[in-house]
Amino acid sequence: MTEMTTTLIGSGAAKATEQEAVRVSQEAAGDAEYTFSVEGLDLFYDQTQALKNINMNIEKNHITALIGPSGCGKSTFLKTLNRMNDWVEGCRVTGKIQFEGKDIFKEVDPLALRYRVGMVFQQPTPFPKSIFENVAYGPRIQGISNKKELAEIVEQSLRQAVIWDELKDRLNESALGLSGGQQQRLCIARTLAARPSVILMDEPTSALDPISTQKIEDLALELKKDYTIVIVTHSMQQARRISDKTAFFLLGELIEFNDTVDMFTQPSNAQTEAYITGRFG
Amino acid sequence: MTEMTTTLIGSGAAKATEQEAVRVSQEAAGDAEYTFSVEGLDLFYDQTQALKNINMNIEKNHITALIGPSGCGKSTFLKTLNRMNDWVEGCRVTGKIQFEGKDIFKEVDPLALRYRVGMVFQQPTPFPKSIFENVAYGPRIQGISNKKELAEIVEQSLRQAVIWDELKDRLNESALGLSGGQQQRLCIARTLAARPSVILMDEPTSALDPISTQKIEDLALELKKDYTIVIVTHSMQQARRISDKTAFFLLGELIEFNDTVDMFTQPSNAQTEAYITGRFG
Amino acid sequence: MINALALAVRRAHRNEKTARILITLCGIGTALVPFLIGAFLLLKGTDTFFVFHHSLGEFLFSGVWNPSDTAEGGGHVGAAMFLSGSLVTCALALVLSLPLCISTAIFMTEIATPRTRRLIQPAVELFTGIPSVVYGWIGLTVLVPFLRLIFPMPFGFSVLAAGCVLAVMIFPTITTMAADAMAAVPKTWREASYGLGATRWETIAHIVLPAAKGGIFTGIILGLARALGEALAVAMVIGQMKVFPTSLFLPASTLTTAIASDMGGAMEGGEYSAALWTMALTLFLLSFLFIFLIHRLNRASDLKGGK
Amino acid sequence: GCGSSNDANKSDAKTQAVSGSITGSGSSALLPLVKDAAEKYKAEHKDVSISLNAGGSGTGLKQVSDGSVDMGNSDVPADTKLSKDQADKLEDHKVCVMTVATIANKDVAGQVKSLTRQQLTDIFTGKITNWKEVGGPDEKVVLVTRPKTSGTRALFKQYALNGAEEASNQSLETDNSGILVQSVAQNPGAIGYVALPYLINDSTVGSIAIDGVAPTLENTYNGTYSVWGYEHIYTSKDPKPAVKSFIDYILSDKYGQRIEELGYGVSSKMQTKEVH
Amino acid sequence: MTALFVGGAGFAVVLLVAFVGFVIIQGVEGMTPEMLSFGPHGLGDMFFNTVYLVVLALVGSMITGIPAGIFLAEYAGNGKVTHWVRMAIETLASLPSIVVGLFGYLAFIVMTGSQWNLFAGALAVSILTLPLVTSVTEDALRNLPDSYRQGSLGLGASHWQTIWNILLPACFPRIMTGLIMAAGRGFGEAAALMFTAGMSTDIDWTNWDITSSSCPLNPFRPGETLALHIWALRTEALHPDAVQMASASSAILMIMVVSFSLAARWLSWRIDKKMGGSK
């Protein structure tokens, strides 16, 4: 069973890579070193400053974990990366974020940016539609209406999210009938179907049971071959298990950003150490 | 400053102890070994069993922590201790719980039980009244209407909750205007004002920032001199920092109950170990 | 491919703009309707003062109602008896129904099991939809003869009959609003109160009712607005005698009944019709005042409740 | 003529037949007649729809003058309710004579058969408040009247009350003649006034003579009973064909017989030359 | 104490049930087959007018009310304008219907130079139901889980795409419920129709030429509704069985209102079940 799944993923991933190549060449993504490079980012909600002078480079095909106590600005930072904060009343941003070499506030259309930078939320967010329509939503928005093409994208995305076998006979059922873990993987598939190159995940497993959590973590590790992943987690264990790099936020500041292994074995900052050894938070 | 606070607490605590003495003699609390002793407790919500054969003794002037993954029944168990579950439709309990030697389902009036066993919730729950009226609520319910006596109780309780200095000039303002951490300490003061001997706390810090959390933890350690405390927490670090005994729940069962130090250094159960080392949850 | 995507983006932006404009127009347009109505009423209703030269004081406080049905005017337009008729019937309706409203709301939110609540709530809401003429008809054929039978009253048609009919009419409005407000009181407050050893009554009296105060008042005001605006049901039972409401057992008139019965026949552009339009304008201003009060009230409780 | 209702040449009749809608409102005193006429008329003219309302003479005049109905029915001439300009734009059709009767609740009408004009005036202006003052039972007088816009009220005021304004603050004002009859029947001691046709089939109330003259058609024709008026149907100067055809039908001899059956007077039988 | 409240609630509910029962039973008892017929002596025409008028009114209030609801929930910020828009709509909701009727008479009859007609009545009723439709739409949109919005926006959908593809379909049943409630209100409306739709009706069921004024489907003809008929019958002393007619009309109206209310209940119960069952 697992073997089969793996091969399926393999083929799916291969396809995805093909497309990736096409897109990258088409969009002339430049040879930006990093997927995202963030410089001097400040963010305000009305008067209160939620992010303070963040500087950070996010590497391609890596998993970057964001950790820190509640309210430190992890979600805010994540949402800034694909400009979901545009929708928040009173939110102001200064500083610069480059996505594949282009300034996301000046040179990239926010809709197009979100096509390329997908997002998965803490609570699964299936639409009250059929499973098929959920996954096909992104492509449809992007103007694809050909039935066959859509069906192909849906199948491929569900395969990538390792949920095709569970759902292939139920594509026309409502997505609301799925279990929490299935819903979350469906949402990942939905994100993949929009053919992004980056996936942002905000505590994707915190509402899930241990077994579903395990599946999502495996999936993240699998996806990182083809995608850049940024994940917010409240579990230091999870950060340790899956991420390559870890960023530690505290009260809106980026306290430390380092390779995960180094961060957890020899934190260079006293606050980081206090946090990861559980002395607060 | 800290010195002053300490002495203030000291005097407050002394007073409290006096009253305690009075009440205990009045109620002839017997020489029960444990504050609570729970035997063969089963609890059902309609058809689903939320607690399965719990046996546990809770010691006087100790802090007992309840840990376990979400939905394992920690809150349910806590609410059973002061019969708050009476208010839940379809909730049935079998088994025996003794409070200071008396069966809480047979020998103790539920109102009287709740006077003695106070509760603090996850979200701070200040009433939409003035700070003074919030704290005076319990005593009023218990029939105290003398202005001077009430003012005394309010002051003493706020002092015990280490929030008197912050609030003494704002007693007539609405409690809803306080910060989350202040609200939570106010709620603790409100519970103390009802002069209980046990305080149950359900994740009292999970909605708070680190600094407020620290204050509540200090407070719990301070209160344990005079009160028995049972605290639910989702943070193993917190359990480790403040509790004397820890109980680990899983799917409605009490898996392990032991001294906190032993539990975290040499868990006797494989599931406990998996949980506290962060392999799930 | 790149063109397809760029096209999709461009189309999305364009549709967005169109939709936003259309929808904003509809929103603003809807909001203009009451202003339009207000403007019309103002236009017609101020004739009493500017064309027929009556004073506002006369209209509001004089009891002499004898407008001439001609364009020359020269009559008297004291509408005080209609105003007081409206106010008295509304107040009576409130006095009669409020105890029932509050106890039903408390029963629904605090006492009833979920099953009972599921039965009672739709029943109460059903009340709201019952046509007012049906209330009026039953009032006319059942209530009026009944009242004549048990009270010493000459007609049966009376302020009391109108008050009873209105009380039944506003019952569901107030009850549902009050019940909603009570149900919206956070469960945590109740739990906290119970946790301190309070009984159900202590919790209701000290926590639930004070916290739901705003919603209950809103309900009362909406109920009053409905009572004030009801025309036909009242007209069918109040007797429409053009006198001040001096006794519960005697007929009287209200603003709405006077408009309903006389507007149809009053000469366009005459003093009589102008006076009736002024009464309609008064009704409009009163509804506006009610809404304004509700907002005031909610804002006040927001300030008190908010952080 | 009768041929139009013949089934054989129905299709022919249809092509010639008038069609369209007629709306009318106004005098409740005239309503029974117009309704009856409409029913009979429609039997012959299937394509005409006629909707009729009461509401009072003033209402009818007002609405025909602002164009919201085709026919304004009135108990009084248009110029008493409308401005001269407005009245001049309308065409008057005097369709019949209507007699206004004083009616009272049975308990009173049994004992008080007749009232003098002065007594009547005193009763309606609120000077007499108990029936025993006029030889009736010891019962309070309950006035049931019509609103100012009513033509019946205008006639009654002018010819029965010598122009005195009735005490509207002591009376139950009723929207039209129908409910007035009901109210008089239901309330002991009640007195009111209504057009004769409303009494034709009604035995729930009793009528009262004025100065000993009973309100009947004969007394109206011979001029002894003076509370009466012409019934007018007002239309615009240039009415729709359907309206014109309908009014012609009412004025036709064939329908003339029916008018008396309903309790109205035929104009041509009037012996007095009074202009009411 | 408990007894007091239970007593109060019990009394209220018993009163309601008795009221509804009384109206229906009394009405049905006095009904004759002729009353139920379509034609000059039956209530059928009024029944048809009622339904037709309500349908027209609903179309009217949907066309502006639903977009207005979307505006309030999605596009209007929290500024002063929004505050006034909301206040205006609330005022509209609390306007006495007779005032709306007068306005309708002036705006739709006098100013257009037309005669009483169903269409004018429908417009007046649609003004009355407009605030209900608007607020139901707004509430439905606001009560949707934020996740729908986030999920769609996160995929690069524009605001309008999100509203059109995700939000509106998701709250369609709730809007339906609101429309049914609005229909209930329309059925019972009388005061607003007195001066607009007219208090009489005369239609010919064999005439389907929509331009003809006796065609049932022509909206520009006078059309008395059941509720108005009750009001009019009160004054009809000449009609021998006016009382029974009015009672029968009341019963029919009551049955319509109750069944629509039940339908709305059932619908929202279905939604809740579907939403609840999803977990």
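Think of it as A, B, C, D and E in the order they're written, each chain with its own count starting at 1.
In this section, contacts are C-beta pairs under 8 Å (C-beta built on N, C-alpha and C of every residue); 3 or more make two chains touch, one makes a residue touch a chain.
This is a predicted model, so every value here is computed, not measured.
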item	value
Chain-contact steps, minimal, separating chain C from chain A	1
Those chains which touch chain D and also touch chain B	C
Most remote chain, CA-based centroid, reference being chain A	D
Geometric centre distance via CA averages, chain C-chain B, whole Å	48
Distance from the mean Cα position of chain E to that of chain B, given in whole angstrom	54
Separation of mean Cα positions, chain E and chain C [Å, integer]	18
Shared-contact residues (touching 2 or more other chains) in chain A	111-112, 115, 141-142
Shared interface positions of chain D, touching two or more other chains	55, 66, 174-175
In chain E, residues with contacts to at least two other chains	157-158, 161, 234
Chain pairs in mutual contact under the definition given at the outset	A-B, A-C, A-E, B-C, C-D, C-E, D-E
Contacting residues of chain E [partner chain A, same complex]	77-78, 145, 147-148, 150-158, 161, 165-166, 169-170, 274-275, 277-279
Contact set on chain D toward chain C in their complex	55-59, 61-62, 65-66, 81-83, 140, 142, 147-150, 168-175, 187, 189
Residues on chain C engaged by chain A in the complex (per definition of touch)	1-2, 4-9, 11-13
Complex interface listing, chain D residues touching chain E	19-21, 23, 28, 31-32, 39, 42, 46-55, 66-70, 174-179, 181-182, 198, 201-202
Interface residues, chain A side, partner chain C - complex	22-23, 26-27, 109, 111-112, 115, 141-144
